[in-house]
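Presented sequentially are two complexes of subunit A, the first with subunit B as partner and the second with subunit C.
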Partner chain A sequence: METDLMALVGVWCAATLRSATPLIFVTLGESLGQRTGIINLGAEGEMLVGALAGFAVATQTDSASLGLLAGALAGGVLSLVHSALVLAARANQIASGLAVMIIGIGLTSYIGRAFVGKKVSSLDNLLPSGGEALAFFGPFLQQTTLAGPLAIAAAAFISWWINNTRSGLHWRSTGESAEVTLSNGINPIRIRFYAITVGGLLAGLGGAILSVDYTQTWAQEMTKGRGLIAVGLVIVAGWRPALVLPVCLFFGFTEAAVFKLQAMGITFSSHLLSTMPYVTVILVLIFAHLRARKSSQMPNDLKAVFQ
Partner chain B sequence: MKAWISSVGAPTALTCAAFTLVTAVFFISIGQPAIKTIADMMVFAVGDSYSLSETLVKTIPIMMCALATAIPGRLGLISVGAEGQLHVGAIFGTAVMLVLPESFGLLGLCLVLVAAAIGGTLFGFIPGVLRVRLGINETITTLVMNYIGVLFVSALVYGPWRDPANQGWPATKSFPEDLILPFFFGTRVHAGLVIAIGIAVLLHLQFHRGTWSRQIKVLSGNRKVGETFGLNYAFTALLLMCLGGAVAGLAGIFEASAIQGRLQPGLSAGFGLTGFLVAWLSRHEPLMIVPVSFLVAGLISAGDALQLFAKIPAASSTILQGLLFATALAVPGLIKRYRGRYGN
Partner chain C sequence: MTETPARAAPFASLLGICKSFAATCAVDDVSIDIYEGQVLALLGENGAGKSTLMKLLYGVHEPDRGKIIVDGPGENPISSPLDAMRLGIGMVFQNFALIPALSVRENLLLAWPDTPVVIKKIKPQNDPVLKKLYEIAPQIDPFQKVGSLSVGEQQLVELCKILNLSTRLVILDEPTSVLTPAEAERLHGFVRSLAENGVGVVFITHKFSDVKACADRIAIMRRGQLIEDVEAQSIDHDGLVRAVMGTDATSRADPPGPPKSDQPRLQIRGLSAHSRNEVLEDINLNIASGEIFAIAGVSGNGQSLLAEVVAGVHQLDDGDVLLDGTSIARHASAQIMKPHVAYIPEAPRINGCVEDLDLGLNLALRDLSTVGTKPLANVRAELEKFDVRPPDPAKKAGDLSGGNLQKLVIARELADYGKAVLAVYPTMGLDIEATKAVYARIFSMAAAGAAVLWISEELDDMLESAHTIAVMRSGHIVEQFKNSHHLTRQKIGALMTGAHDA
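Right after this comes the complex of A and B.
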């Protein structure tokens, strides 16, 4: 009986991690950008092009990992638009992000029609079969691919890097004050360019994991606002990459729960159930703001564009 | 005059030129003859009375959503929630239609419109109150609430509001004729066009003369200064968010009743986001929004016609909207940099 319970917990943990993984990558990328003083609503568009490019390459090459690579690159390429508008033309960041989002939606609806209905094989599960004796770990590993552990590792690495290295310090100081950073001989524009590009790569990777490894299909606007939710979750996580992980896992848990309820054939409206992630993000934003009242952790330069 | 040319005229002209170039490059890259396709688009947008009327039909919701964005925009609030407000407005208006007895006449129509405005207001109020009470950024909440509004419509028309007479099609029963705004000359262009332009003129007057306009100007420039003079930022912000929501809510009931005839999925072809683009291009000036929304509506209906006649997917007009936005953001900034570098 106890092993059954452990197995059930394992299955739930696997489902939670799997649905949280795309969000973890996008939110990590967004939090890096915001730490340098850049908000990027284009993450939604970058995620979409990543999802489509990843899916397209994975179906053509039969290789999920090549797909993930292509997705990351596509997200990085689209992020160049945000860099050009915000850094070169000094455009409003929020407007620029929305422009990138619209371009991403348009491009993927245009090109994606050819890929609707196609199938793709995901990354291999960590444990092909067996392992029933392992209680929790057996079912967990059977339903987990490399993407999940990779997301956890990425969160740990980014958190360590931004807090403990010299280059991480440069990124943080750029977000607090680009002027002071510049007077210390570091070019904040270059750092922001790196941050937007890395954010684009991570958003694209998250999108590719969503289409190739999680849903294993392509559908128009399949990210359903995950890129926008990520922008909100960065605030909930207090701009700390380490906290991105639990916040996204909580989110993944609610999504997995909704999915399980729907699979159980619950009679409740599936459309109302689908509002759960959006209602949840607003509720956690309220909770985070009630707790903090003043967003003291917000990077100082970000306050100018984003209050 | 000279100042106007260098601050507004030149950037606008250069933006148009750059966008034409970008459009040409886009068509070449998808293997279409650039100049011919652009010429076709102009014909499809305004070339004959039918195209013109279809463009005007799309102008109405785009103009309303742009005004809905511009109203809080005057205070520096960036609301992207017109899409959700449009859907909730349509829900509230349809709810009144469903409970009203047959043939209720003009009063019924007014009730439907007021209900729609209230629905939109509600979806403007929530992000507004979160903004002023807790300091939660309104851009994120409005963007996220758009998805909620769309899903509410689906939940209703797939659920309790589905009319069994539709043979499974998820839609409510049709709007009776007396609850629909009148149409012009047998086209699909309805009186919502007059209402939208009326709202634009009214807002122009409100935003350019009188005490209120000065209060908004002071508060949008510097909130602290305004509050020292006894102005209430929170109240003004909340009021503008609600007003914006009401205008978008009206757009929703116009679409449901006059254009689609019933509440059903696919109520809006991304009008909320397009409206945001138009508001931004018009610098939140209500009178600028009128012509700009017409131009962008032309772009979209030309995109629809291209799909029909040239087999170019309609998504191309979404791409072009994004490129237009990017161009309009890039050109003024680059001009400013260029001037900064080389003197005036």
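Right after this comes the complex of A and C.
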């Protein structure tokens, strides 16, 4: 009886992590950008481009890892549009982000028609077979691929890096004041370019994990606003990469719960049910906002975007 | 140029420097030598060209004519601050290049050339980037956010940042204009110890107290030209004033006579209020017609909030403000301000003008809803009367320098006689002549019957002119004195910082 319970917990944890993994990567990328004073609504488009490119490469090469690599690159390439508009042409970040998002949606809808209905094989599970004896880890590892642990490691690394290295300090100071950063002989434009590009790579990777590793299909606009959710989750996490992990896992848990409920045959409207993760994000956002009004963690130069 | 015979070769020599901005000549044929281990006070009025001259040395601007030789006869051209830093020249500007959201240590690491790739947590005592901080300001916690430090502490952090670049010459641009008297004294001591350790210091200022406290040598500029360059002990106070102002007018503004009646004109009763950073609790003040009531205090202890509440800009929680017996506390500020209350706010660039509007509109801000704008000729006359430079009604307020912006706000608020004057740091950033003019204007308004609430950190000026001096700390009036010669700077200073209990 007890082993059954542990197995159930293992399955739920695996489902939560798998659902959260794409979001963790996108949100990490977005929080890096915002820490340097750049908001990128284009993350949604970059994620979609990554999802399609990753899916396409994975079906052609039959290699999930190559697919993930291609997805990340595609996201990085699309992010160059945001860099060009915001850093070179000094366009408004919100408008530029929307443009990138729309480019991503349009491109993938058009090119993606050829890939609808195709199948792809995901990354290998960490534990192919056996291990039933391990109460919790057996079921957990059987349903987990390398992508999940990678996301956790990425969050840990980025959190350490931004707080404990010279380059991390330069990124943080750029987000607080590009002017002061420049006066210290550091080029804030270059740092923001790096941040947008890394954000694009991570969004693309997240998208590719979504299509190749998680759902293993391609569908039009399959990210369903995850790239935009990421923008909000950065705020919930208080711009701290370490907190991105629990915040995204919470979203993943809600989504996993919706699937489990549907699988259990709940007849409640599936459309309404699938909005649950988004509703919870909005609720958490409101809560976080009320709390954050007291002491703002918002990078100072990011405020300028909204003025 | 100096009178000391056996001095080593100068660290930097400026030869026949000229610099013009558009039509105005900011620096006109100035030659001066700067030595290591010496404190050079560069003295002059607002706009005399002191800061410009030093920015030329620091590479912010390049001279139109003339030559700058640094560190011996070899060619060491300075075309940017980076060049200057490499030669060991550091400059601390009036607005600091610090990031409030980062800690003191992180701010220092940001500018430090030897910051390691991975920043390890080291015991502060052994941390090389904190070495200077420990020498200068051991009381500052290196892990505190810079934003939570006082302005004086921030200045010390900025100074450490410059000294970390192993600097041979430090240029300080009006460093005491933002400091409390106690902080200024500490800075003077520190400047002396820098010079004793062989660092050259250029101290740009228009305060004589700075010069007396720490200068070895005094250079005086007027209208872009170098007027004097002498050893500090060879010139007295009157000589300094004459050289700075180019006149024999050494007297201060005549202090006003005693108030005519003790009938309170401006009354503050049981006033409580709070803002993000400041609180006021149960403030009771009575200011008579013609009385000059000064409030001394370290900035941030509630004085500016008090002025804002009285001016009707900020809400009060409890209590009342009466003008001639009528409550003005719960009215929109437009109803009670001009012609009744003149208000010179703190930080006039933010609180006292609209930067994007021209000077004419800024002068007419109080009248826009009733009278409309003033005729152009009147505007020009008013700008000239208060010596706003340039007196061009079409110029944007944001283009004025700090001192001239202050004069613009004063021109608007003090042009007509009212019942009360609220003056918050009214002479901040002003030179002697402008300060004198502002005081004269405020005193004449008092003589005409206005109640004056004067918030300041200029203790000497208060002791000379105010009828009543109150000390404010942590949102309370700590003590209130009738001004007399028994009252001293030290006594008020101790009350301001809370050291009187000891």
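The rule is short, and it goes like this: the second predicted complex is superposed on the first by the 303 of 307 C-alpha atoms of A that agree within 3 Å, B and C clash if a C-alpha of one lies under 4 Å from a C-alpha of the other, contacts with A are read in each partner's own complex, and residues count from 1 in each chain.
In the analysis below, a residue touches a chain if its C-beta (ideal position, glycine included) is under 8 Å from a C-beta of that chain, and two chains touch if they have at least 3 such contacts.
Just so it is clear, the model here is predicted, and its values are computed rather than measured.
Asker: Determine, for the superposed arrangement built on subunit A, whether subunit B and subunit C clash or fit.
Answerer: fit
Asker: Mind working out whether A:Val258 is in touch with subunit B, subunit C, both or neither, as first, second, both or neither?
Answerer: neither
Asker: Name the chain, either subunit B or subunit C, that contacts more residues of subunit A.
Answerer: Result: the larger residue contact count on subunit A belongs to B.
Asker: Applying the touch criterion given at the start, work out whether A:Arg166 contacts subunit B, subunit C, both or neither, answering first, second, both or neither.
Answerer: A:Arg166 contacts subunit C only, not subunit B.
Asker: Does subunit B (first) or subunit C (second) touch A:Asn184, or do both, or does neither?
Answerer: Touch status of A:Asn184: second partner only.
Asker: Let me test your reading of the model: by the given contact rule, A:Ile24 touches which partner, first (subunit B), second (subunit C), both or neither?
Answerer: In the superposition, A:Ile24 contacts neither subunit B nor subunit C.
Asker: First (subunit B), second (subunit C), both or neither: which does A:Ala99 touch?
Answerer: first
Asker: I want to verify one number. Taking the Cα centroids, what angle sits at subunit A between subunit B and subunit C, in steps of 10 degrees?
Answerer: Taking the centre of subunit A as apex, the angle works out to 80 degrees.
Asker: Can you give the closest approach of subunit B to subunit C, taken over C-alpha atoms and in whole Å, for the superposition?
Answerer: For subunit B and subunit C in the superposition, the minimum C-alpha gap reads 7 Å.
Asker: Mind sorting out which residues of subunit A both subunit B and subunit C touch, each in its own complex?
Answerer: Overlap of subunit B and subunit C footprints on subunit A: empty.
Asker: Considering the complex alone, what residue numbers of subunit C touch subunit A?
Answerer: 81-82, 97-102, 106, 109-111, 115-120
Asker: Provide the residue numbers of subunit A that touch subunit C in the complex, in ascending order.
Answerer: 164-167, 169-170, 172-173, 176-177, 179-181, 183-186, 299-300
Asker: Can you tell me which positions in subunit B touch subunit A when the two form their complex?
Answerer: Residues in contact with subunit A: 78, 80, 130, 134-137, 139-141, 143-148, 151-152, 154-155, 158-159, 273, 276-277, 280, 313, 315-323, 325-326, 329-334, 336-337.
Asker: Which residues of subunit A touch subunit B once you look at their complex with the stated criterion?
Answerer: 41, 81, 84-85, 88-92, 94-96, 98-107, 109-110, 113, 224-225, 228-229, 231-232, 235, 269, 271-272, 274-275, 278-279, 281-282, 285-286, 289-290, 295, 306-307
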